[in-house]
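What follows is a pair of complexes built around chain A, which joins chain B in one and chain C in the other.
Our next item is the complex of A and B:
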């Protein structure tokens, strides 16, 4: 190869752009080293080290969003593509990591488990999520996605003394690996189709999204590429828990430790949607194929998620199935984004509102849960408002936002998505969405009702119903976190601030 | 010398992938399911190498190394989970692993 070309490739490896990911990886390694070096009595400071590491990266990442500092364009020879969206999503994943670490301090304290590895894996997975948000090449996408998924296999089965956690881990492993294989086979077919020398517009680098989009535009009805696109979309649909790939959601959400359930619900789902937005843009020449699939998937996901959640008694299964219906709302945004650019912003805003509200709810769940993490019934919340008014208030605000009650942030998120869907003219989908939103209010409010209007009575036959675990006291960092999340949920409903400006700028 | 065409490689790859896919869906033993998952990855690798050879691009060959690495990591974590679960439940038949229910 020509040496100047190699030099150009080397100069394109702009390591500064992935500095946050490198730093996260370093903090993760430092944690493991500190665990070996420090005496056991100092080990309680290790979560603090992880938190401090992530919190230190967030300001630099937010500064890089300012106009003068924003990095845009391809780096690493087209493997990564930095844009304003990917920078915002990197902040999103960093915030998720902070919240997961904070929840980890509550849930892990109830188990006799090694703690440090949990934070290590959370940081590594976060770094991979951030790379995923910038990936512009199928190799990058696959490797980052697998780093995330394999990290999640470990996290889901982290409570390894609990058979339920291990069972959830195994189910996630089998179905996760299945979906990754389907995604991979789709990538192979796209690679083969776009590199075919007999076709017009064939390319030497068919796994690069820009090059692939060029090929697809030149061959809008290639059979092999069509099959590849369907397989890739199926693989991604599994990650976001969209119908008919949602079967793993309730079991895995129930068995996983609560902080991991939160990480799965928010981090993994957001990653899926970031990929989906990129891929739908890449596959825009095949909109005749992708849009009908996504439309059917969105309608089925919305209805299934909400109807299945109606009958749940376990709050983790309930939040999992409600997460399926949220994936349906987000899919609506993705479909609208194919024609209405404003819907891109709506999807991102929805993700932020979902992040804040979900972690408020998961924060309360972590405090109500007992030593058996999989056993969290709605009946355990009876009388919460009297015993812990603060937790009950945060729960009500979080659930209200998830249900989309005005004027909370979740309502604004749904409103923006609905405006996008209306402008793109999918009226049928809009009707399905409104109906499922009404259904969802029922199960969210039965949970709020348990917390506010019911008192805990010991059941007559104590064998049949699991006893209610003692509430965990709220520590200062968790108090600040839950208070901030609740305040943000209310505030974002009234004033969207810079996030709203960014939304409107499209 | 017998040379196979691209189509023959692709058909073989699709057949292997389908065997793996239905193996995951239909078999009851976790270890066999795990083998089927690996078969699906190998089928993808075969497709990649064949396309890479006939399309004269190197990306596919390089990708194979990444897939092998990912598959190895997956097996390491997966077998650890299966062993830990076997110690707790004394079974690896999927239809007996149904403790998570509403």
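Our next item is the complex of A and C:
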């Protein structure tokens, strides 16, 4: 290759732009090194090191959102693309990492396990998620996605003494590998189609999203590209748990340790939607193909998630299936975003509201769970309001927001999505969404009811119900975290402030 | 708003909410109870103040006390706009008065976990003041939901028989109604092209560019059934008697008395002026459902009830039928009658729920066949209850009379047959109302109550119970003898808004 071309490519390697990811990687390595160097009695400080590392990066990211500091444009020869939205999503994943680490301190304390590797993997996965949010090239996308997925294979089966955790890990491994191969096959087909010299608009770099979009616009009815697009969307649908690729969700969510379930539910799903938003934009010339598929998928996801959640007794399965229904609501936003620019903001706001509310709920779950992390029944929440009013209040606020009850943040997310869907004219989808929202009230409400409303259980029945494990005391950092999450959920419900401007500025 | 004068509407909303927050953050119980008086009293005083000074206020776009605050969503056309016109003023006053009565009754009730109870009631009170003070349609909906959530919790925790089931049923029905009306409001927002939820802006845009007929039909259908479920339109009314039967008294007073009026208020303030073609399309259906379903069928069901709280719950569903009939007339007279009836019914049903609980404290049952002869021991309670029943039936001298009379006059122009059906409903309500009063208070004590009454002679109403009842009864009589205090501003606004729409 011409050396000047290589030089031009190298000049484009703007390492400063991925400074946060590099720093996360360094902190992850430092954790491993410290575990070897430090005496065992100091190992309890290691989660603090991980937390401090992530917390130190967040301010720099938030500063980079200010107008004068914002990095925009392609870097690394088009592998990455930084924009305001991708910067915001990087903050999202960093916040997710902080919350997962905090939950880890609660859940891991109940297990006899090596702890440090957990934080190490969480940090690495977070770095990969952040790269995923900026990827502008199928190679980057696939490499980052595989880093995330492989990290999750380990995290899901982290409680290796628990058979359910191992089972979940195996299921996630097999189905994850299958979905990765489907995704890869789709990418290859698109590569083959767009690189075909016989086609008009063919390109030398068909993996690049901008180039690919140009090719697709020139060939709006290419069969091979159409198949590739469907396969790529299927691969992504697996990550977000959309119907019909949702079948792994309940088992894996139940078996995985609670912090990992939270990470899967929020981090992995958000990454899937960031990709999906990028891809829908890239595939806009094939809207005749993608929109009907996504529409059917959204309707089926909403109905399946809510109907299946109705019968659950295990809260981890319940929250997993409710997560499936949230994926349906987010898909509505993605569909609307194809024609209504305002819906992009709606999806991002929904994701933030979902992040805050989910971690409030998972935070309470981590405290109610006993040593057997997979065994978390709704009946274990009986009398929570009497014993721990604080936890019960946080749980109610989190669940209320997930259910979309005003004046909580989740309602505003749903409202924005609904406005977007209405403006884009998908009235049928809106009707499905309204029906499923009413259905969802039932199971969220039963959970709240278990925690708040005293019910008398006949003594004969009491033996059949598995006894509730002792509640974990709330430490100061967790108290602050849960309090902040609950306060933010309420505050975002009626005062959006600068976030509102960001939403509307499209 | 740059001037330093305090906005009375904002203060009436914020004061109860701020107190609720203070209680949630751990105010000691003694202080919670003391400050709760202020939390309920202040909105009531401010409501009376705005009522008193409404005529003297400067009006902009037909609204007095107009003000606007940004919450960060100006880009989407959402901002907290507050103001009162002739339609919302009577309901704002109603919310203040019933809120005060319900609050006082709750404080003296000494319920279990009193702090939480008062906190939820204060949240509800703040939401209620907000519903009727909002000019922005989004916040109108938002405050309704804010007031609705505490109802579910209060039914679930302090409710009576079947509370768990009742709370669940209430939640699902009311969420469905709220979601349908939300979709209708979003449709209005998108289809009008106003890019604003502000009612004044919506009115101006739609006046300049009316919506297409089919669009109006669809949106009015959504709003009619959405709001209809919230107001217990037959056949979606089954949550109401069950929910009120199970709800603790103050929650039932606030919900049946004030919050339920949200749907009717939405129809009169938003749907009728903005969607005239939609009303014309649906009026027959609405009138038929209301006259046959709410008035006749539910009226007959009410006559068959044996439980005092069920009688009041069903009667409240029945009276909503009259209100729907007034809406269906789509005239200044009909809508004015509905607003008067809403205020009157709100006051009287709150009074009856309050007295029902006081009766329960003395008889330990709601079963009408297990009572009797209470009038000899508790003459004051009996007098209040009989007065409340007369008001509910619509006897002249009480506010309800004016509401029902106006609606019947307006209805005569709409349909003679339905007017006959509606007027026959008055006889039905007289039958069940008087029969309930007779069974509770007159005749010899029956069944188990005779033994209980002999062992523990029931005492008459204490001042703590009398005072909230007195507020409600005084308001009923005041409006009954001087309806013009409400109807003058009401007439001005309705004439302005409805003639513009036609």
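Convention: the second predicted complex is superposed on the first by the 496 of 506 C-alpha atoms of A that agree within 3 Å, B and C clash if a C-alpha of one lies under 4 Å from a C-alpha of the other, contacts with A are read in each partner's own complex, and residues count from 1 in each chain.
Convention: a residue touches a chain if its C-beta (ideal position, glycine included) is under 8 Å from a C-beta of that chain, and two chains touch if they have at least 3 such contacts.
If you're wondering where the values come from, they're calculated on a predicted model, not measured in any experiment.
Asker: Does the superposition put A:196 against chain B (first), chain C (second), both, or neither?
Answerer: Touch status of A:196: first partner only.
Asker: More residues of chain A are touched by which partner: chain B or chain C?
Answerer: It is B that touches the greater number of chain A residues.
Asker: Using the touch definition from the top, say if A:72 reaches chain B (first), chain C (second), both or neither.
Answerer: neither
Asker: Figure out whether A:387 sits in contact with chain B (first) or chain C (second), or with both, or with neither.
Answerer: Neither partner.
Asker: Which partner does A:453 contact after superposing on A: first (chain B), second (chain C), both, neither?
Answerer: A:453: touches chain C, not chain B.
Asker: Show me the chain A residues, by the header's touch rule, that chain B contacts in one structure and chain C contacts in the other.
Answerer: The overlap between the chain B and chain C interfaces on chain A is empty, containing no residue.
Asker: Which chain A residues qualify as touching chain C in the complex?
Answerer: 342, 400, 405-407, 411, 415-416, 418-419, 422-423, 430, 434, 437-438, 441-442, 445-446, 449, 452-455, 494-501, 503-505
Asker: For the complex, give me every residue of chain B touching chain A.
Answerer: The touching residues are 10, 13, 17, 20-21, 24, 30, 33-34, 37, 40-41, 43-44, 47-48, 50-51, 55-57, 59-60, 62-63, 66-67, 70, 73-74, 77-78, 81-82, 84-85, 88-89, 94, 97, 99-100, 102.
Asker: Please output the residues of chain A touching chain B within their complex, sorted ascending.
Answerer: Result: residues 138-139, 142-143, 146, 150, 153-154, 157, 160-161, 163-164, 166-171, 173-174, 177-178, 180-182, 184-185, 187-189, 191-192, 195-197, 202, 204-207, 250-251, 254-255, 311-314, 317, 374 of chain A touch chain B.
Asker: Help me check something: in the complex, which residues belonging to chain C touch chain A?
Answerer: Those in contact with chain A are residues 71-76, 141-142, 145-146, 149, 152-153, 156-157, 163-164, 167-168, 171-172, 175-176, 179-180, 182-183, 186-187, 189-190.
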